[in-house]
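Chain nomenclature is as follows: A, B, C and D, assigned in order of appearance, with residue numbering initiated at 1 for each chain independently.
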Amino acid sequence: MSFEEKEMAENIKRISGVNPRKCMKCGKCSGTCPAYEEMDYHPHEFVAMVEKGRIDELLASKSIWTCLSCFACVERCPRSVEPAKLIEAVRLEVIRAQGANHLKAVQIPELLDEKLPQQAIVSAFRKYSK
Amino acid sequence: MTFSYYPGCTLKTKAKDLDRYARSAAAALGVEMAELPEWQCCGAVYPQAKDEIATKLSAVRALMAARDEGRELLTLCSACHHVIKRVNHDMVSDENIRTKVNNYLKPEVPYTGETKVIHYLEMLRDTVGFDELAKRVTRPLKGRRIAAYYGCMLLRPGNVMGFDDPENPRIMEDFIRAIGAEPVVIAYRNECCGGYMTLENRALAQKKATTVVDAAASAGADTIVTACPLCQYNLDVNAVGERVPVLYFTELLAEALGVKEAEA
Amino acid sequence: MQRIGVFVCWCGTNIAATVDVKAVAEAARKEPGVVFATDYQYMCSEAGQKLIRDAIAEHKLTGVVICSCSPRMHEATFRKTVEAAGLNPYMLEVANIREQCSWIHKDRTEATEKAVVLARTAIAKVSLNVPLTAGESPVTKRALVIGGGIAGIQSALDIADAGYEVDIVEKQPTIGGKMTQIDKTFPTLDCAACILTPKMVDAAQHEKITIYSYSEVTEVTGFVGAFKARIKRKARFVDETKCTGCGECTSKCPSKKNKNEFNLGLDNRTAIYIPFAQAVPKVAVIDAESCIKKKTGKCGLCQKICGAGAIDYEQKDEYIEREYGAIVVATGYNPIDLAKYDEYAYSQSPDVVTSLELERLMNAAGPTKGTLLRPSDGTHPHTIVFIQCVGSRCDDARGKPYCSKICCMYTAKHAMLIREKYPDTEVHVFYIDVRTPGKNFDEFYRRAVEQYGVDYIKGMVGKVVPHDGKLLVQGSDLIANEQVRIEADMVVLAAAIEPDKSARSIATMLTASIDTNDFFTEAHPKLRPVESPTAGVFLSGVCQGPKDIPETVAQASACAAKVIGLLAKDKLKGNPCVAHVNEEMCNGCSTCEKVCPYGAITYQDKEFRVPGPKRTEIRRVASVNEAVCQGCGACTVACMSGAMDIKGFANKQIFAEVDAICR
Amino acid sequence: MQIKIDENGNFKPTIVAFCCNWCSYAGADLAGTSRLSYPANVKIVRVPCSCRVNPLFILRAFQRGADGVILCGCHPGDCHYTTGNYYTRRRMTLLFNMLDYLGIERDRTRVEWVSAAEGAKMARVMNEFVARICELGENKRLEDLRCKKSLEE
């Protein structure tokens, strides 16, 4: 684990408030995740990899854009680990950098359809841009 | 009883039905919804990171406005309810966030989470009462088989939202019973509809929405009701294959109370 | 002023090599109160002891200090020595100049200096010693066993076999407990009823055992050797002495739709019922809440049919009071309520069952006569999913933080039995860890996998969704790193076990302590595992922590051995170094009562003389039960008025020791 | 009065150690049977349980010229009396705060959990403690010279 990764792992733990050591590695979070199949790294792997400091792989993971924030993993974790918070913290590590926005305003018009609620666009901006 | 009311952006644009039927039904039930002046967008998603302060401010402004009016804050959209309720919980339980928010907003009286946030369905259950509601229904929706779709936002995390049993909720089924229809309990009623993923990965959103609508169809539901504009959109637009009409619960409420046509 | 003798031991060269024993004796002689000081090679030898006895007589000693090895070694020896010379055994102090001096210091001057200080300290303490007499109390030779499961039965049988009277108090209408509901036992797969019911009959027929079924202990007072318990015998509306257990009444009772507790609500029973065929006592009981006669006054059918004339609708609760020397807690456990774990759809589908419910569904005396059928539609299930650790090892508010210990093994048992009986049935087990410490346990689990082809999946189920008569199970397979979906016909949940709800109130009644999970605390986690810290209260079975049947039985017998050891004594000799209250100083604040871990302190109103016209006044003051107090001293420090003290370790004695060291 | 400076001019502190009868006193005995040495300055007072130690005993020791006081008990969870050492822990936390307030160096008092099997730990703890007290030097702040005088007479 590089020094940068170690720093980032600490920051991720701090801003998410998640202690990955609480995990007992039961895999319930990944068992319940509705976006599991769209993910390369799954919720339980986020917990394990943050603990081990394997942050670079997570930063490049497509899972951070796929988490639905449905909180099923948070609700059902027997150890109160809250993996969703960890995934959000990793995503913030990415988009808080200058010019690293995953979704840009210019992309919006082509995504619109007449029924799409504002809520979807606002949510996506909150999740994907800073 | 009068509530401070927070409609949210979507209810002013794409989800006008959710809003106006709620208002006419509330009027028929003798509940006053006083819309907050100058409310701002809640942000639509709850910022989970502990160091996200600015993104929580608009929710706090709404909460503070309701406090200053001395009323409970009524919400309707699931996402707004989720964000405002969770930010309020932060203001009660997280000293760091509370201090920083108050330092930033500098209100005359610091805000410490005093406002009670109530969803419209909770209002129906706890203020009006489903038994009373059943009595007020003039046109019961007899013979209708309605599936409730809760989604994620109202229920989870259960320890903060305190809305209903997060794994086996009943409030919407009770509501459906109160308006004279038959509730159909469906699989996946508290699993994600695909949410904002419709923008990023429409295929995923379609898969999620289709699972829910299929479950409703195979259970023999003629209608799905929801409280969330995004759920409504996903289930309505993104589901492929068999379709079941997806309506806001307020529309059925207005119909049962006989105030739908007056509105339309 | 005391007349103190000081005896410095050489311990061969153990002490004498590094400590100048003569110099120590010389220095001791100068201390106030010391009238005699000497040294000798082996004080603990017969010659050394004689030297001490003679000196006591010759110099009319009132206090003795021995400078020798640790008091943990020979304090008891020397207490007997001085007692033989007519002194009170507690007029003795030992200065530890071996383990804590000669053995750890090399420099002779330094070691001698320290030995002098240690001798001086002991002299300072003994000057303030007072004669102490250990209290004695009689032992009632009868034991009370609370709970009539396998733990309670085993303890009772062992105690009774040793010749002592035992009363078993069981709140259910029959003894037998959870084991009666279990079908087969691991790892031998013998039938639970076949090994349990003979024990139940043994207990019922034992001349020294009295069974109070359908009864509860409502109050306990007293202390070790002399407890007094009040037992409520709940009205069963059937005269136990007349009922023959023929069961005629149960076949005719018109109120038939009542949840059958024995089968965990999987079928119904009548309002008058006998829990199961081998119940002990085999006596009917009327459930007043569903009895038509009790509710409306009309019916009375059972009374008409009963040939023995045993039915008595007017029966009232009765109370009996009894004295006991020892109390055994064997209150057992229950599976937790799974309504809070509805991601597994327990309250949404009848085909999601607990493991205990599955026991009933597989038992020949169960609701399906032993054929495994789905509760929803009575069809044979072809795919069954087991989920382990439901509510165990959780740190959220819903579950329990501990491992329930028995689930891994009974799940392997269930999986194996199902595969054996119904080879066409697929069985999947979701597990986090498989924990199988125990004789032949891991072999058993491996047999389930290797011989019976049970599919063990490492991972947890996230969600069970009832849909179209099936249960859609979605979970993790952590080894394959994939999300698995199984369309199951039945889901079996290994629910965490928790102590019976009565544990807390019984612990309060007995002033026995329980932990944050309501398990009874043992007196010492390693060395006194079957005793509660409260003298005379013993622990048997799962009330102390999760256990399987062999462990429960072993612990129950261990517990019985401890009870027998207590009941075999005619009198109990206490430790005289116990708390003592100065009633003049006590202000009745109750602080000491709250810190006492043994409930040894009570309060009573006493009359005191006071100056002035009133002459006397009534004040509330603390009172220490010396038979119960263990002498830890927690109360002495908590006491704000300084009224509490410990005999033998009195405040002034410890002050004197401190002063002597610092002088 | 004790001479606190030895012939080489080194400071020889007076140290009082309270040891519970069930764990720490036995631990000290084990240090002895294992011949693990620690300075002779340490004098042990045997008490039934660490919770028997009244904060006044500690203050008294300082008042009478002790330079350090150490209190040893069973490990949390292992108390012979179940909860005694928990009381000790709470009481001593409060006492240490007060000593802090009085200006008594925090390191002059110490609580250690030493089991009956930890002879080596007992020796190590005592060595460390004595070394630390030697660094701190003589305790004069609480010492009551009037006590000394009357005792000498």
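We adopt the following convention: a contact is a pair of C-beta atoms (placed from the backbone, for glycine too) under 8 Å apart; a residue touches a chain by one contact, two chains touch by 3 or more.
Just so we're clear, the structure is a prediction, and the values are computed from it rather than from any experiment.
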| item | value |
| --- | --- |
| Distance from the mean Cα position of chain D to that of chain C, given in whole angstrom | 36 |
| Averaged-CA centre spacing for the pair chain B and chain A, given as whole angstrom | 25 |
| Inter-chain centre distance, chain A versus chain C - centres from mean C-alpha coordinates, in Å | 48 |
| Rounded Å distance, chain B centre to chain C centre (Cα mean) | 51 |
| For chain A, residues contacting two or more additional chains | 72, 75 |
| For chain C, residues contacting two or more additional chains | 343, 463 |
| Chain contact topology (line, ring, star, complete or other) | other |
| Touching pairs - complete list by chain label | A-B, A-C, B-C, C-D |
| Chain C partner contacts - residues on chain B that touch it in the complex | 159, 165, 167-168, 185-188, 191, 215, 218-219 |
| Complex contact set, residues of chain B against chain A | 8-10, 13-15, 41, 43-45, 47-52, 55, 77, 79, 152, 155-158, 166-167, 191-192, 194-201, 204, 208, 229-230, 232-233, 236-237 |
| Touch list for chain A against partner chain B, complex | 14-17, 34-35, 38, 65-66, 68-72, 74-75, 84-85, 88-89, 92, 103, 111, 113, 115-124, 126-128 |
| Complex interface listing, chain C residues touching chain B | 339, 341-343, 345, 347-348, 397, 463, 465-468, 472 |
| Touching residues (chain side chain D, partner chain C) in the complex | 1-2, 14, 16, 25-26, 28-29, 31-33, 35-38, 40, 43-49, 51-57, 60-61, 64-66, 77-78, 80-84, 87, 91, 123, 151 |
